[in-house]
Every structure is written in structure tokens, then in C-alpha cells.
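Structures follow.
Here come two complexes built around chain A, the first alongside chain B, the second alongside chain C.
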Partner chain A sequence: MLTNTTILGQIVVNGLNLSAVYILVALGFTLLFGIMRVVNFAHGEFAMLGGFAFYYLYAVLHVPWLLAVVLGAVAVAGPSLILEWLVFRWFYHKMFQSMIGLLGLSLVMTYTSLLVWDVFERNVPSAFDSILRFQGVIIPMDRLVTIGVSLAALGAFYFLMVHTKIGLAMRAAAQDVEIALTQGIDARKIYRWSFFVAVFLAALAGALYGQIYAVSPFMGERPLFVAFIVVILGGMGSIPGAALGGIILGFTESLLGTLYGGSVASYASFGIVILLLIFRPWGLLGTRE
Partner chain B sequence: MRSMRTALVLAAVAVLGFGPAAAQDVIKIGAIGSLSGGGTAWGLAIKRGAEIALDEVNAAGGVKVGDKTYKVELVMYDDQYTGQGGKNAAERLVHQDKVKYIIGPIGSGPVVSTIAVSTPEKVLVLSNGYTPTILRNEFKAAYNFRFTLTNLEYAPNMMKWVKENLKLKKVGILVPNDAIGQSVAPALIKLYKESGIDVVADFYERGSKEFSPLITRMMAAGIDGFDINFNAPGEAGLMVKQARQIGFDKVIFQMGGPSVPEIIEVAGKQAEGFISYEMFDFDAPTAQPLVKAYRAKYGAGIINSQTPAFYNATKVLIEAMRRAGTIDDTTKLRDTIEKIEGYDAGVYGPLKWTGKEIYGVDHQVKLPFFIVEVKDGKAVSRATLTMD
Partner chain C sequence: MTVKTLDSTGVTMSGASPKPKRATIVAVLLAAALLAWPFVANERFVFHIAINVCLAAIAAASLHLIIRTGHVSLCHAAFIGIGAYTSAYVVMQLGLPFIAGLALGTFAAALLALLIGPVILRLTGKYFVLITFLFGEIVRMVFVDWQAVTGGANGITDIPAPAPIFAEPRNFYWLTLLAAALCIGFCGRLLQSELGRTIDSIREDEQLAECSGVPVIRIKVMIFVIACGLAGFVGSLQAHYTHYISPQAYSPIESLNYVIMNVIGGMNTLVGPLIGALFLVLTPEFLRGYVQVQQILFGLILIIVMAFLPGGIADLRSALRTLLGPKRRDAER
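Let's look at the complex of A and B:
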């Protein structure tokens, strides 16, 4: 029998770990919406590609773990600029068209992957299988590393947005494209940058997701679903909102799942989203349109 | 140029088997299984089990039925692990290819829809599938047999073993929150309660991959064993891994499945000590010829434990043709299969039928089954159990 303190500790550890992955998944999704006003239904598929890239680099080619995670994300984000040119750029600032168009793209990506990789789930060998014990609370090492990588990615992202010129330009474009253009900001360049960063984050999340769970062509469904909830909670387009939404969802699932079971946890997550959509449709930290 | 083209056409005709001499001496045997989607490993088990059996027959010169000798050939279609897929495949086999016998499928949905198509046409079906209606149905299973055990056959004795060897007081189970979970859970809970073991059950959403909060909850409730029950290989592996990762140090076992190699792959080191129901012992001396033939034809990799069941079914069918002296009269073939008890295809020992009590018809195969435990990353046999 577990004591109350250890259960509480376990809830916090599980909650932190879920939140870290959820935030990472939601960041790229909210970034694309914030700057280009596209609802990227193919977001989960970029995470899926990130999972496969990581799988090949780490499990097949035995590239060192951290390098495999980062390289995998770059390997997906780089070539994805072709998709940006072919598909995405036609949908910028067309929210509803983008939903339909990118839903189609997501299906194409899923089923192409199915043809290439087949349906079965691949498992990435555990990189860190030790377990830390601290005051009765048990922390699996691979989860701790996930939290660490998510925090590092969040930090780097924050630095990019706040302390670099390109970040400033991205924020300016997010606030008002036309004014940004008159200030001499190259919109195409900003869009391509934002797209690269968004896909990089999605692919990174996919790699971590694949490491903890499994890699398969259909693995993108769950991250997309999570990104939606998190972003609706935090506010479409709001970056601090994605962080807050991720923490709320992660801890709701961990706390209610542990105390009241799985059904209550999903019930409550959706309940919060529905209440929010009724009373504060722009989300907790979003801007009212 | 023209003669070249003619030669090509003739070659194509010969390859496709339209040559009049070739067609007469070949028996077409139908097969249905999942060749795409989540059940692919099982579809391949049917295909490969049947192919190895048919290769043996052809290598020995064919099967002698009456005073004629035939080669045998497999015609297989994908059921996508769905009822509709099973129906489509069965209709193609029965009406288009005019086969008289079908090996497979696996899974209640595809099997039920296959026998709905095949039975009125008196086509024999040698299948798997857990639902009792496969044998207890409107046709009284007139033309179908089941070549694997279901939980009705193995669960009572496995429960006895679990009770005696694992000494559990309170077991935890996780089931998906859908039609399958809702129908499986009550029967399982009842079985545990009857054995004097308390149950903590929880439901998870299909598609969820994170079970840590739910397992923490079961640990807080004081479970001393975790039964993975009927969860599919992917989820089962994650449950084992995550339970160990959050420090569950009591026994984890699976009274269903089986998917031991898949679980070892997902859970890695955390799979150590995992105990499971298993259909076949690949380490047994009698299994070696089959393993060797499999390796030669399909290379290394996991041999799904459903493979021997369909090897067995195919061999039984061929033997029945030989004994009955017919390849067309399926009623006579069925009667022969019913009386074939004692025939040994080489993997399970002498064949026995059962099922009268539960299903009203003795069309259920009787097999031993196994309890395996993962030791040093490998499944090791811990006990051999029977249905009696």
C-alpha cells in the first residue's frame, strides 16, 4: 500500500512529465496559428515523421541519443519547407480553407507513411532505463530526460522569440502583418522561419513521444488531439497559453486519473474545454478577437 | 518479333496455370486472414502455417485421393481484421474461386461473417476466433471447426494455476472503454471473484498510451498482481513497461493474448519476470521441424504462436481428403474430420475434439497450453497445462 505522500509525489511526477510533452506538442501548433493563421491539421504527422527520423537515427544507425533527437527534428523540419512552398503558403491567413486543405495533407502523409513503413508499431530501445527513488517517490530516468529536453526546447524557443531580431520580427508579424510589412519586414522570410521552428518543435515532440510510447504511421493522431485541447485551453496563438494549457491538461490527467480513474480524467479534460469555449472562447491567455 | 511475343503469351498462360493439364491436378485451398492493419501478424501466421504444410505435401509429390494424385495450392484474401472484410473475402473464395475449404480467419468478427457465407454453400472453415457463437450458432457449426483454444477452454485451469502459484489477494486489470472492454471485463471479474481474488478494474480511452496514473491508482488500492488480460500487443507492452517504471514490484501477468515476444520488445528490461498464457512451446523437440521449415522459408524474426495452429489445420484437412477419398464432397470430409481423432500432424500430438457441453457440437480442438515467464529477455516455459 502506498502512503499519501508518495501518491501525491507520483501524481506530481506523472503530471510534470505529461505536461512537458503536451507543451512541446502544442507550441508549434499555436505558433503557426499565431503568425500565419493556419490551423495545421497535419501537425501530428510532422510529429510522426519526427518519431521515424529519430527511430532511424537512434535505433538503427546508433547515433548518440541527444544528437539523434535534434538531428531527427532538423531532418524533418528542413525538407518540410518544400511542403511549405507546395501547400502551406497558399493557406496563410485563410483559416477555414487551411483546416480542410491541411486535413487532406494529413491524410496523404499518414497513408504515404503507411505504404512506406507498414502499420505495425516500432519500439525505440530505452535509452535511460534506470529509475530514481527520492523520498519514496519513483522517477523513471527516461521521463526525467523528457522533461529536461522539453524545458531546454522551451528555453531556446523563448530566447529566440524575445532576444533575437528574427523573433522580434515574428512577433511583429503575429501582431499585425501589414504594419510589419511597412516596417520593412520580409513576410515570406518570417513565414518560412516560423514554419521551420514549428515543424522542428513538432518533430522533437514526436521523437520524445516515440521514445516513451512507440513509433507508427498513426502515432500523430494523439499529439494533434492533445495540441488542440492545450491550445484551446491556453488560447489560439498564445505561446504562454500553450505552456499554461499543457500544465493544466497534464496535471488534470495525472491527478484525476490517479484519484478517480481514466474515464473521470477524460471527462474532466473535455468538461473544462467545453466550459471555456462557452464562457471564454478565446482561451485563458488568448486575445479576444 | 512476332514469335517472341507469342512465346511470351504462352509463357504467361503457362505461369498463370491456364494450361489444361495443370488445372486438373491442383486442389485450391482457400485462406482468409488479416494481411493489413493491426492483425497482420496473425494473418501471416495463417498464411505461413498453411504454406509450410502445403509445401510438405507438394514436396512429397502431392496428395493421393482415390487413385489420383493432386498438387495443392493456397488462395488467400485479406479480411483487414474486420467483419466486412471477412465477408468480402469469403464471397470471393466461395463464389469466384469456388474453393471447398477455407483455412482461417482469426478474430471473432471475420470468422462469424465468413461462416455466414460459407456454411450455406457447404464450404468447410477451419478457424480461430474467441466468440462462442462461432460454434454455437444457427447452423450448429455444420461445416466449421475451431483449431485454437478460447478463454472458455484455458481460463478456468489457468486461473487455478494463478491462484496456487501467484497467491494473489487483489488483482488489478485495465481494459479499454469500448464495446470489447465492456464485454470482456465483467466475465473476467466474475472469474476472479469466484476464485476468491478481489479485483480493481479501471477503464482507459482507446488510443491512450499513458497508463501511469491508472496504475498508480491501482497500486494505491493495494493490488498484489497486475493482469494485462486481453489488451493488444502494443498497449500490453506499454502497461508492463510503465508499471515497472513507476515502481510496481509485484507480479505482472497476462491471462489472454498471447503476445510475449512483442511485450519483450516494447518493455525491454522491464519485461523481466512477466508471466503469460502461451499457445505453443517453440522450444519443444516436436516443434523443431516446423521452426526449421519456417526459418528456411521466411528467415529470422518472431514466429507468431498461431502459426502451428494453422499448420495443424491444413494437415488435418489434407489427411481427411486422403482418408475420405474425395475432394468435392465436403459433407463426407466433415464427417471424416470429426472422426480423425488420434491423427498426429506432428506439432501438438494426437488430435482430440471437444465442445459438446459448451457449444453443442464436438468441433472444438483440445490442446495443451503453456505458462511462460520472461527470464533474461526470453520466454521460458514454466508450466504445461491441459483443459481437464
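Let's look at the complex of A and C:
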């Protein structure tokens, strides 16, 4: 079956699509761990809020698709800075407390959303109905756009990290926060920026998730799960690791899902993660602790 | 002024008979109250709550043993489930008496812990949490898929009570009270012994303990096996009380409840999980009909406890003292 170029092409496109969204979710997660040493159990909930923001902007207010996605993400990331001030800053550099405390935050966010909106899933109308045919491979346009948006976001993130002063400061803080402070870097500013970027990426991913699946208060579980697996694969705190992990997970799921069905893909990802945790818990590109 | 010295049993050197310590009086009164109140409040629902508190207390206390070694396990509910399914199978399919079910349930859970312990206990901190989460999820999936033995997603119904006399909730309460006293007493004794101090040393600095000659991994595995065996014990009791078990009750999310009991109640002492169990069983009952509010409240408490009260409710007194202390000193000047 693998020799059939159509199926192969399909697997590649799906793999790219999944990888792109997974990397978006995982990047924010690993950024928060790498710089502030918090395990953000509420990461999925920020994705969920991004999904709801996108839904309201696009499906209800009929804002153009691309603007809805980006504006939605900003609309979630901005006010989330209040949450950063209220909740997150008490947990910086305290890994265990952050795990349980942010788990509490995820409960608060999920069930408050449940009170505000009801439990019924909302479907986002498809923005792009057209299909691209390339050498016999069928590429739905919305997949292509998802890949495009994700790549653009990742490109912007890369530019931020490598070519701006604030990105340099963030990388320095991720490597060694104390030395970074002695170099005059304002820790609070870096933390707030990192938080904003992380939540922006999560909310963006949530909007893309919402497009593919449906938007509901409980939709955050899957992105969180994915983020965990990708970050374990790549190494917690490692940004290239998140990219590598996302690609591996995305393509593995696409390959196994197409050839053997969804449940095999799930078992396989579980198995890989368990093996990795036993033999190489710091991931492929992480630092041994 | 004569100086009275006391040795460790509280006996004054002058040889006078010791006054009963306040703690002992409280303990005796508490025990009497726990035994006697069913005669006063003969209500089925109250017994139900009390039984659940006792069962949760045993589970939380056994998890506390693992937490004392420095590992937070998210697969505790999975081991409870193993005890439950084993006991149900043994009693219903093999026709053995309840005691056999209880023993085999405990043994099965302990055996599985012995098999995976040496592998997963080598991991630290967040990695241990993750791998126990995954393991718990796998066990739950096995419960769902192994239909021949576990009845699949439908679970097992009509599990018989331990003996006809225990079909009555009041009598079952006394049974669980006895079980709780034995198990929690065992945990307490263990934590106060030399082994308990060794466990604390492992938690505080594993490498230093290893250098001091403590066989770290062996002790961790031993505690893990004991704790998971106790979890199996609870599972069996629970199964024969609720008469129905299903895979949903043994997911990692349920394990999280036991972790929350420890966290909110206090992870540093055995009293913590007991307080936590009481809190976590009673709160939903007061908030019946307001599930969302209940979860929001839990979440808020988790955040506040983790941010400001790392020792849990059990540590409330000393936490308040730290908060108010320095101000008092200023006022005295």
C-alpha cells in the first residue's frame, strides 16, 4: 500500500497537518516549562478558549477567517495576562506545586466555561470547501490553509526567538535564569512575554482544532495530551525538541492511522512514550537532569 | 527550683504514675464516638457517606506511603480496580468466599506493583507522574477490552456482600471502620518506625541516603508494593459494598482524586490524607446539584493550597503562625 503514491501523498499531507498543529500546542507548553519551570496543566484550556474566541469571531460575527484566527488568539492571550498575574506567578520555578495548582486552574477554567457556555459542541462552518488535486493526491483546501497558518506562526516564532532582543533574552532565561538576571534581564517582563507567546500559540492551535473537530468546554483535553506526548518525545524545555517531537508524532499518527486505524495509532504513541520514559526520560533533544 | 526530667514515655523521674497524655484521651473519645454514633443516627444515607469516607481514607493513606517516598502516583485507582475485579471474579466465577476474594485482590494488586515497581520507580518527579498516568490509562483500557473477565465497559453487576449480615449498611460500616483502623494504623506504625525514617530520608535526599547505605530502590519498591496491596484491599471491599464495578471508576482521573486528598489535607503527615478524604467525600454531598460549582471550588482550593499552603490543611496552624508571627513581634515593641 505504501508504494501507492496517492496514499503516500495523503499520508504526507495529513502528517504535515497534524504535525503543524501539534507543534503549535507543544511549543507554548515547552516554553512555559523551559523559562518558568511550570508544567501548565491548563494549556489545553487556553486552546479551548482560543477555539471559542475563533468561533464567536468567525461563525457569529462573520469576521474574515484569517483575521478571526489571529484576532481570536490575541483576544485570549491578552486577558490571560491577568491569569498570569493572579495564578501563574506563584508557581514559577516550583514544578510540583505548579502541576497540581495549574490542574486546579484547568478545573476552574473548564467548569466556568461550562457555566458560561453549555456543554453542547459548536461546529464551525467550513471556511474553505475547495479541493486541490495534485498528481492524484486529494488535498482539502482547509488542510492546506491550516498548514499555511501554522507554518506562518512557527516562522514568526522562530524570527522572534532568533532575531529579536526579547527572543534572545527569553532563550537566555531558558538556559539559566539566574545568570540572565545578573546580565540585567528583567525577569518579570520576560515571563510575561513568554506567557503571552505561549498562550497565543495555544489559542491559535485551539482555533485550528476547533475548525477540524468541534468547539466545546471539554475540547482542551486532547491538545493537552498531545502537548505532553510531544514534549516528552522532544525533551521538556527544548524548543527544537518540540518541533521534532511534533513531526514524529504527527507523521506516526498519520501513517498508522491511515494504514491501521485510529486505535492502533493511540496504542503506538502510548507505547513509544512509555519506552522513552523508561529508557530516555529527558527526550530526544532534552538535557539529562 | 527542682528540674523534672521526662524520659521518652513521659514518666517523671520521680517515679510518679504518668498522667494520661491529652492525645490518648482524644483518641479514646474519638474511637468511642466512631463506634457508637450508628446507634444514634440510624440513617442509611449517613452510613453510606461514612463508609465512603473510611474507604477513601484507606486509599488516601496508602497513597500517602508512596508520596512519602517522594513519588506521586497517578495509577492508584488502577490498583484499586485490580483488587475490585479480582475479588469480583474470584467470588462470582470461582465461588470462593469473600475472604479469599479480599486476599487475592490484595495479592494481585501487590504482585502487579512488584512487577512494574522496579522499572518505574527509577524515574523521578514529573516523569514518574507521567508514566503512572499512562500506566493507569493502560489498565483502564484493559478493563474495557478484556470483556470475558471484566465484562467490558458494562462492568460487573450483582457482586454479593461479604456475608448476608453485611448487606445491612450499618454492619458494613463497622466492617469498614475495622478495616480502616487496621490499615491506617498499620500505615501509621510503619511511618513511625525505623523504616518510616528511612523513607523520609529517601524523600529528602535520595543520593545522600544511598551513600549512607540505604537500599533506596529496594525500599521504594517495597513501599510501593505495600501501598498498592492496600489499594487492592480497598478495591475488594468497595466492590462488595457497591455491588457494581465498571472501568470508569478506575481511571487516572480517579487516581487524581486520591492525590488531591493528600495535597489538600497535607502531604507531610498521615493525618493529612485523612482530612483530605473527609473533605473530598463530604464536599460533593453539600454541593449536590451544583457540579460545576463543585469543580470550580475544588480547582480554586487546589490553587490556593498549592500556592500558599504547601503543607495542606493539616499544616494550617503553623502556616497561620508564619503569616501572623512577625507582625505580633512588631506589636510587642
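Here is the rule we use: the second predicted complex is superposed on the first by the 286 of 289 C-alpha atoms of A that agree within 3 Å, B and C clash if a C-alpha of one lies under 4 Å from a C-alpha of the other, contacts with A are read in each partner's own complex, and residues count from 1 in each chain.
Quick note on the criterion: a contact is a pair of C-beta atoms (placed from the backbone, for glycine too) under 8 Å apart; a residue touches a chain by one contact, two chains touch by 3 or more.
Remember, predicted model here, so these are calculated numbers, not experimental data.
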Query raised in the report: Touching A:Phe228 in the superposition: chain B (first), chain C (second), both, neither?
Result: second
Requested in this report: Would you sort A:Phe91 into first (chain B), second (chain C), both or neither based on which partner it touches?
Outcome: second
Query - Which superposed partner A:Pro281 touches (first chain B, second chain C, both, neither) - result: second
Query - chain B versus chain C as contact partner of A:Ser106, first or second or both or neither - result: second
Report task. Have a look at where A:Glu121 lands relative to chain B and chain C in the superposition and call it first, second, both or neither. Result -> first
Requested in this report: Mind working out whether A:Ala214 is in touch with chain B, chain C, both or neither, as first, second, both or neither?
Outcome: first
Query raised in the report: Which partner does A:Ala265 contact after superposing on A: first (chain B), second (chain C), both, neither?
Result: first
Report task. Report the residues of chain B in contact with chain A in the complex, numbered from low to high. Result -> 36-38, 40-41, 177, 202-205, 207-210, 212-214, 216-217, 219-220, 222, 234, 237-238, 241, 245-247, 265-266, 268-270
Query raised in the report: If you look only at chain C, which of its residues touch chain A in the complex?
Result: 72, 119-120, 123-127, 129-131, 134-135, 137-138, 256, 259-260, 263, 291-293, 295-296, 298-303, 306-308, 310
Query raised in the report: What does chain A use to touch chain C in their complex?
Result: 39, 87, 90-91, 95-112, 114-115, 228, 232, 236, 270, 273-274, 277-278, 281, 289
**Report entry** Residues of chain A that touch chain B when the two form their complex
**Finding:** 1-2, 7, 10-11, 14, 17-18, 118-121, 123, 125-126, 129, 131, 133, 138, 140, 142-143, 212-214, 221-222, 253-259, 261-263, 265-266
